[in-house]
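Common to both upcoming complexes is chain A, partnered first by chain B, then by chain C.
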Partner chain A sequence: MLAGIAPMFGAAEFVRPAIDWHAAAPELTLLGFGALITMIDIGWLERARRIAAPLASLALLATLVPIITLALAGDDRSMFNGGFVVDDYSLIMKATFVLAGYVVVLMSTDYIAEGDYWENEYYGLLLSSILGMILMASARDLISIFVALELLSIPAYMLVTWRKRDLKSNEAGLKYYLMGVFASAVMLYGMSLLYGASGSTLLVDVNDAVSEPASPSAVVVLGIIFVVVGFAFKVSAFPFHTWAPDTYEGSPTPVTAFISVASKAAGFVALMNLLFVGFLGRDDVFEPLMWALAAASMTAGNLMALRQTNIVRLLAYSGVAQAGYMLAPLAVAGTVPPDKALTASVTYLVIYAAMNLGAFAVVIAVARKTRSAEISDYRGLFHYAPGLTVAMTIFLFSLAGIPPLGGWLAKFRVMEALIEADTASGLVLGIFVAVNSVIALYYYARIGFGMWAEDAPDGDLTPVNVPMSLGVALTLTAVITVAMGVIPGDVVGRFTEVSLLAGG
Partner chain B sequence: MLLNQFLLLSAVLFCIGVYGVLARKNGVLVLMSIELILNAVNINLVAFGALTADVGGEVFALFTIAVAAAEVGIGLAIVLLIYRNRRSIDLSEIDLMKG
Partner chain C sequence: METITDNNWLLTVLVFAPLVGALIMVLIPQQDEQSHKQVALLTSLVTLGLAAFLLIDFNYGKAGVLQYFADAEWIEVIGAGYTIGVDGMSLPLIALTALIMPLVFVYSWNHIPEPGNAKAFLILSLILETGMIGTFVAQDLVLFFVFFEVVLLPMFFMIAVWGGENRRYASLKFFLFTLFGSALMLLSFLALYFLTEADTFSMLVLTENAGEGIARGTQLLVFAGMFLGFGVKVPMFPFHTWLPDAHTEAPTQGSVILAAVLLKLGTYGFIRIAIPMLPEAAEAWAPWIGLLAVIGIIYGALGCLAQTDMKRLIAFSSVAHMGFVMLGIATLTDFGINAAIFGMVAHGLITGMLFFIAGSVKERYHTLEIKRLGGMLAQAPRLGWILGFVSMASLGLPGLAGFWGEFPAILAAYEPAVGLSEKTFHVYMVVAAIGTVLAAGYLLWLLQRTAMGEPPAEFADDPNITDVSTTEWIAWAPLLFGIVLFGVAPGLIFEVTDPAVGQSLNNCITLTGCEVAEAAASSGSGGG
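Let's turn to the complex of A and B:
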């Protein structure tokens, strides 16, 4: 054993790998601001509370600057032998994470301040979780995918448990933590097998090794299955979704919005990095796996959502179904040109982020008056909060996929990829998507009908007081949701039609 | 190189860990079972790294150890919080919400 290690220490010269500071600028900016918030918290204690939220917003907007300059420069960059890559796919995902984080900060500002929670730590942890996500978008190496995953998950466990004295929040945190840690342990076991099969942690080398016919097949198949199952927990795909409804219900609502959008998107980004760079040569293994996960998630998620009486739990099950739609293009990733499947999933992720964050923003706004998340309390919303009703209708119908809203374009791209595959399994999955869209319309429309047509439960028509930051969050998400559907597809495509740089 | 023995040991540890996570009711014992799975991963990584004389495996194992320490720190904090609020860490009693 020692004979194997000795030559490594005997290496005479250590050459520092070249670092492209511009490519790493988004991560470094966010890291700097996150450290600043933590230092200010330590130094100023209670006096720092007033500036924590504005500073977090500033941090996220400042992070957007290098992302935009990198997008304008337009060239693909790669560092550390291809372990860290900046291409148009990673840039659009980074921008999505940062904007989603910005909307979450806007939604949190009054919620956290009025609940008298620990504000400075809250924003520090939120920023470090977002740092993990934008790192994930560039990670093309098993180690950096693992570290990015933990960097985004560990702060999220703490944020879910944020209301320390509340038993429901404790329970939500424990369930999220146990499921998350168990999933990442299983994923790591799969990664260790893949490392063994390829002898390298770079995804490009993993792909070379697993595609070879001579590669030890059982180890590779087991490795791929374990890794995919690990991320299926993260994106709450059926049957690994059991934590999601309880965690969503028990955690503070802005944190629910954060984990249901940003954390789920990060899981998808990791999955896409692995599938499109690491396992593309073994589509015979991952395609059936993705097919089963996608079909089961849509169907089970929608059927369970039908019975829910709490809107947060309903959005949790609808999130399971939406994860199924996003997984669907990955089930034909080896059949259609890879960029086609990638574009469909990325388009869905970007639009899903806008509409789901918006739906949660309405839930937060309504709960300020009703102090409840029961669907029956949304009856008659139009009579005292017409603006919120219009916004909620936009988000729900977009989630259902009604034209001309963004969700329609998202579903269209998924169907396009499935039909282009022109295989029996692809077409059957397309039928699954179509049937499930109809089932989903029922429960989304039921909420809409109650809001517009029925009377308020106790005749209480005092208007909902929406604070300014929450209003900005609502406007931003509503505008993006509508614009994604209304603007001609090829303009939207300029942002969402992406190709993936393998690295190297 | 006795690779098979290392892989067998790690597979056994992995299975014991998974069994512990699924069957144990005590919060701390579940955390320990998760540690077993992570140690199975480390054995795998170091064995494969030594086999191929690639330093990547050892480096990966070091990252796993460091991150696992952070993870368990958070886990113990959550279990402690639950113990403070309800004087019990029996996971089967934590069922305010039905998944």
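Let's turn to the complex of A and C:
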């Protein structure tokens, strides 16, 4: 959208860009509700607490409406010279962000209210972070990608420290913040190099410029590497994952769920926008980079997860490994038809969102009774909370990729893309995925074993009290996780083949 | 290729009937154990009834053709279809599964293993049944893979929750081994998809294509992936180490299902998928498969001789018996593969029965240590005689089912498919024959130590040691009957399997010219 930034300082006349209000409706709706929640808080103070969570839910459901109407309309739209694009890919990701946000609100409702934390601010910030995410799904311009990234990150920094009297929460927030801004700085430097090489911030123009043989290669390569590394922090890929375990452990658990799913997905969306629109001509640069990140993330993430005793830390490391699986198709993005790699990653992201959110919902539910996230406290869960145990079993083994749960389809699509590439590197990465699935199974199955087969640590068999909103979140995620695996044709039929509109 | 689509709803109902029963059970409260047992038994009986209808209605004149064939869209994006069908190769195995499960539920009537919770235990068993039957009817690689894996979770929990002392180690080992194999198997399936022109997971098309257009080196690699996936499940030496642990720790019902059906998923995969789809690679790998098979036979037998625990001994005997099955398959002849299918059914009946006996012995003596047992014939004569009878069947006594699994497999090794080295297979034949002697050795020795002699002092006046109970009779009688029936009339199975085996081998000949047909023809029809 700022392709014309230089001429603006010249004398060129400013032309008001045409605005497609329908295309921008999801963002505008969410923005309106976010502002409303904040205003109500200012006006009503304490009285506003009661309506904060329902209003946030309503905001997200209302945002779904224009997303659905846009999907029904079915045509691709583009604004600002192609800097803002609405296509099937961006709509799927927007719907995922909004639904994930909705589940997070459901998970937060009792957690935040009972913890005596500020509520309106919490939901206001949550909504603005989601706003950044859905904006990211449409961004096809270096500047708007950066703005969307900051919009989704800055509220998240605050949410992480929400338990402000808890030292761990402070530590979590500080680490997340420092790592986050460091990543932003690196990425911004990369973007400036790319801008220097191409003279435009529009991704399509960047692609044209970097693909040309005559382009200053070192600058381009360095730019691409810096940008990718910046997002590698965001998606917690090895070796840029070091913030994740501490941040996950210290944050309020619903926020952990939010950053481990929505924020990571947003990082992936940005990465995919950049790779598929901006750098596709330079697959010789990004493919090896992605290959290394993917292989290292899945292997290192899994190996470190093996040693964890805290379930949130375990999910953090397993999240690193999962990021590796999602990165894998990007390592063959230039070899297979780009749609194929994109579809594989998107399918993985959507299914991952459902199963990982579900796992965190169980963590929250169990912690209501045990006040702990130690894996040893999951022993004997089956004897006093069979429903939660079955749900957790579904989520864990879906993460492990066992049919017929959703995760298997996700892994299948990744493997499919890797094999279709028909290159030695693709095949080797496929074997990496296969072997890592087995390593990962060990720690998932170990939790499953403890829940089902061991006795409760202190013989305390009082049932877990699951509040209704949390129950809805659990049911929703569990149903989606199973349905994705058994009848994916019907569930994901709409976005089975996503492609990405380049814009312009 | 020809298919018969009459009554094609039948298989779907057969596969998912157990799952429906499981869903009904979810709604029944946990305390009401009696209802759970009734629903589970009834469901499995309905399934058995459907399987019986299948057996009656099956067109035996066209046993080589896929019948009840249904082909619907399932996951369009990845080209996976809901394709199911039955031919002579899978029919006996489906019948075996449908027969074993009601017996397991009858046995469960008053043998719910520690720590109880009949609801969960029986639900898992029903899910297992859906997975097993589904694997045998699937005619699409992705569908096959999904059913193949559906079996994993229930079995893991069965061992993990209701298993013995060392259940944690055993269940994880079982899970990790099988998943490792199947992950690589999935890679091979995908490779097949992309490497063949047709871009399909349909087993029919891939079997017809028989690896055409795939470079030999690639074929070898793809076959290797499947080899690992199926070989771990069989289990073949050296991937067998999960089996003794899993069997020893699993509850009786788990051991029975594992021995009777689960192990067959692997061998079935070889004859249904790996060999017909990649005949050229199969030919190259066959000597190695044969080698591992005979090592398995001898190693399993020696392992048996060294065991001090009765259940572990039976588990090792499985390794040996599945070695015979794999040897039959490795010959790549009509005769050998027919023998292999027979061996699978026979092993299912016999070893399933042995594990039932082991469970009952454990219940009465609270130990399976062979050293401490003895004099069963004096104290519980019927139990002792049944053990004797099944041991005879297991060691391959002519006239009982075990014989027809082992003997033809050895015979087939005398004349392997053209293209395979006769000398090598002759050596295998001799080694396998020695294996049968060892089998007689360990089984008779087991019988001698546990059933003969005087009851040891510690159990001499134990009131717990009673003879076979009514539920045990009901659960065991069909198996004992089957062992005699198929021993006397092996043609019942051979005549069903032979056309289907011929069909799947024929495909590979017409396309690759590996001339297995001649070998199959000259070694005589398997129909005995």
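The rule we apply is simple: the second predicted complex is superposed on the first by the 486 of 504 C-alpha atoms of A that agree within 3 Å, B and C clash if a C-alpha of one lies under 4 Å from a C-alpha of the other, contacts with A are read in each partner's own complex, and residues count from 1 in each chain.
In this text, a contact is a pair of C-beta atoms (placed from the backbone, for glycine too) under 8 Å apart; a residue touches a chain by one contact, two chains touch by 3 or more.
Note that the structure is predicted; figures quoted are calculated from it, not measured.
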Should A:397 be classified as contacting the first partner (chain B), the second (chain C), both, or neither? second
Examine A:233 and indicate which partner it touches, taking first as chain B and second as chain C; both and neither are also allowed. neither
Determine, under the contact definition given at the top, whether A:123 touches first (chain B), second (chain C), both, or neither. neither
Which partner chains sit in contact with A:449 here, chain B, chain C, both or neither? Use first/second/both/neither. second
In the complex, chain A residues that touch chain C: 343, 382, 386, 393, 397, 402-404, 408-409, 412-413, 415-416, 419-420, 422, 430-431, 433-435, 437-438, 441-442, 445-446, 448-449, 452-453, 488-489, 492-493, 496-497
Interface residues, chain C side, partner chain A - complex: 30, 73-78, 120, 142, 145-146, 149-150, 152-153, 156-157, 160-161, 163, 167-168, 171-172, 175-176, 179-180, 183-184, 186-187, 190-191, 193-194
Complex contact set, residues of chain B against chain A: 10, 14, 17-18, 21, 27, 30, 34, 37-38, 40-41, 44-45, 47-60, 63-64, 67, 70-71, 74-75, 78-79, 81-82, 85-86, 91, 94-99
Along chain A, where are the residues that touch chain B in the complex? 1, 4-5, 7-8, 142-143, 146-147, 150, 154, 157-158, 161, 164-165, 167-168, 170-175, 177-178, 181-182, 184-186, 188-189, 191-193, 195-196, 199-201, 242-243, 245-246, 249-250
